[in-house]
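Presented sequentially are two complexes of subunit A, the first with subunit B as partner and the second with subunit C.
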Partner chain A sequence: MSANVGIVIVSHSADVARGTASMVEQMVGREVPLGWCGGDPDGGLGTNVEAILKAIEAAWSESGVAILVDLGGAETNSEMAIEMLPAARRERVVVCNAPIVEGAVMAATEAASGATLDAVRRTAEELTPR
Partner chain B sequence: MTKRVRASVLLRHAVGLHARPSIKLTKLAKGFESRIDLGLSADGPWVDAKSIVKVMATKAPKDCVIYFRAEGADADAAVQALVTLVEGDFQDGR
Partner chain C sequence: MRVDHAIRTRLLISVSQRVIANAEELTALDRAIGDGDHGINMRRGFEAVLTDVETLSAKTLGDALKGVGTTLVMKVGGASGPLYGTLFMALGKSLTEEITREAVADAFGQAIEAVKLRGKSDVGHKTMLDVLAPVHAVICAGGDDLPARLRATAQAAAQSTIPMKAIRGRASFLGERSVGHMDPGARSSALIIDAVADVMEGTA
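== the complex of A and B ==
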């Protein structure tokens, strides 16, 4: 069986990111590679590309990485971070259009079964009203 | 060899089929090859027991009966494992 897809959580708030990661670990388990980042270096709210790149590295899996974001900049900075990845990795990282907390838990549950990146993203996005 | 197996079990878990029980149930179901459905009545409607979003959306409350039906080579083992999980109040699930 190939490696489980990794999950990255990108929030404006370090507390939200840390708390969401903690929910994933406690509810789903530790078999899913997990990375998270949130807040600016001064302790305020914010997201930045460098921290997102580090979180992607922390959660890296050959099967890919699904990113869950909260608002605006979290998404645009995540997309920027993906563009900065080496070409071979770029194709294997996606931003999910899903609520950050619920999406992370659902995506991780799917990932824990060895599901593909596409299946992991679809599971998270099932939560999004159309 | 394709087998069809059905079973039902009383859900006694204090909060019903909420987040953590749903995750345990789904993770267990995913470990089997068989197609596995879950319903809240003997004749459905059925949802895919391997879909965390659909399982959680059933919002099965405490003291309701959960029905499983499975189809596939390991259907017997799958249904037995799921019933055991629910009977054991979800303590055995990983």
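== the complex of A and C ==
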């Protein structure tokens, strides 16, 4: 295991996704592979599978990819995208149950230390109230 | 019966045109309890199906349904893309050219289970499942005038979501305030069933 886990940000809004990605880059640095997407295919609010697949590709790491999402449809579309990945990759992508901005920064911080996908996900999910 | 090329074409066109024609209504329903994009999203998806209708209908019934599912997943955007995509893909997985009522009932039941898993939802949560489940029951029971009863059941089932409180999806954030509005996904499901009934009756 050498490569850092990748982080993907999936928001309904391209602005939120872009802004969150830029927070990750500025606070954590560029050693974590990063992908983001937001908006529907027409440029309105929404999420879509095609864009999520591209973001996963952009952030791909042999150590896996952790996805942070905002509202319901982002999660459903991310899960659909994971299912459409080649079988060898499917097992190495997870959706984190965490707030998108804080989760992305915390997950990236953990990922930058070379942590496993499981540890990255746990760190992000510690932010979720139980 | 055999779902031949001509019937496959009519099914795809009938369903797509019905959704597209009612896109504004779906968006208005979604504006009340969701994010107001259901009609826009569904129209985008089914316009893509119409564009590909010749290629899709040339495939076997199973592959055509899977193709519709993939198109919806990729084009719809929003949660309804994966949900309807999953429904059509699951139907395509088990249906072959020669269909019987039993085979359709079986495939429809499996497709409903797949949608439940995808949406982490169930009947009674004010979703498309509240239309699909009673429609499934009618298919299972069989009998005379099946298209008319499918139509009526789907219509009544969509109406029955009005007093429900949303448990899943964007509408669930509204809690009690989701009561009093028809679920847009239930309505789009009813429209699709209605369009299929038209083909069964030979009017589309």
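The criterion applied here is as follows: the second predicted complex is superposed on the first by the 129 of 130 C-alpha atoms of A that agree within 3 Å, B and C clash if a C-alpha of one lies under 4 Å from a C-alpha of the other, contacts with A are read in each partner's own complex, and residues count from 1 in each chain.
Here is the rule we go by: a residue touches a chain if its C-beta (ideal position, glycine included) is under 8 Å from a C-beta of that chain, and two chains touch if they have at least 3 such contacts.
Bear in mind the structure is a predicted one, so any value in this text is a computation, not a measurement.
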item	value
Overlay on subunit A: subunit C relative to subunit B, clash or fit	fit
Contacts of A:112 with subunit B and subunit C, given as first, second, both or neither	first
Contacts of A:123 with subunit B and subunit C, given as first, second, both or neither	first
First, second, both or neither for A:50, with subunit B first and subunit C second	second
Superposed model, angle subtended at subunit A by subunit C and subunit B (C-alpha, nearest 10 degrees)	150
Partner chain in contact with A:77 - subunit B first, subunit C second, else both or neither	second
Contacts of A:42 with subunit B and subunit C, given as first, second, both or neither	second
Touch count on subunit A, higher of subunit B and subunit C	C
Overlay on shared chain A, then closest C-alpha pair between subunit B and subunit C (Å)	27
Subunit B-facing residues of subunit A, complex	27-29, 105-106, 109-110, 112-113, 123, 126-127
Subunit C residues within the subunit A interface of the complex	35, 37, 40-41, 44, 73-79, 81-83, 85-86, 118-119, 168-170
Subunit A-facing residues of subunit B, complex	19-20, 23, 26-27, 30-31, 50-54, 94
Footprint of subunit C on subunit A - complex, ascending	12, 40-42, 44-50, 71-73, 76-77, 79-80, 84
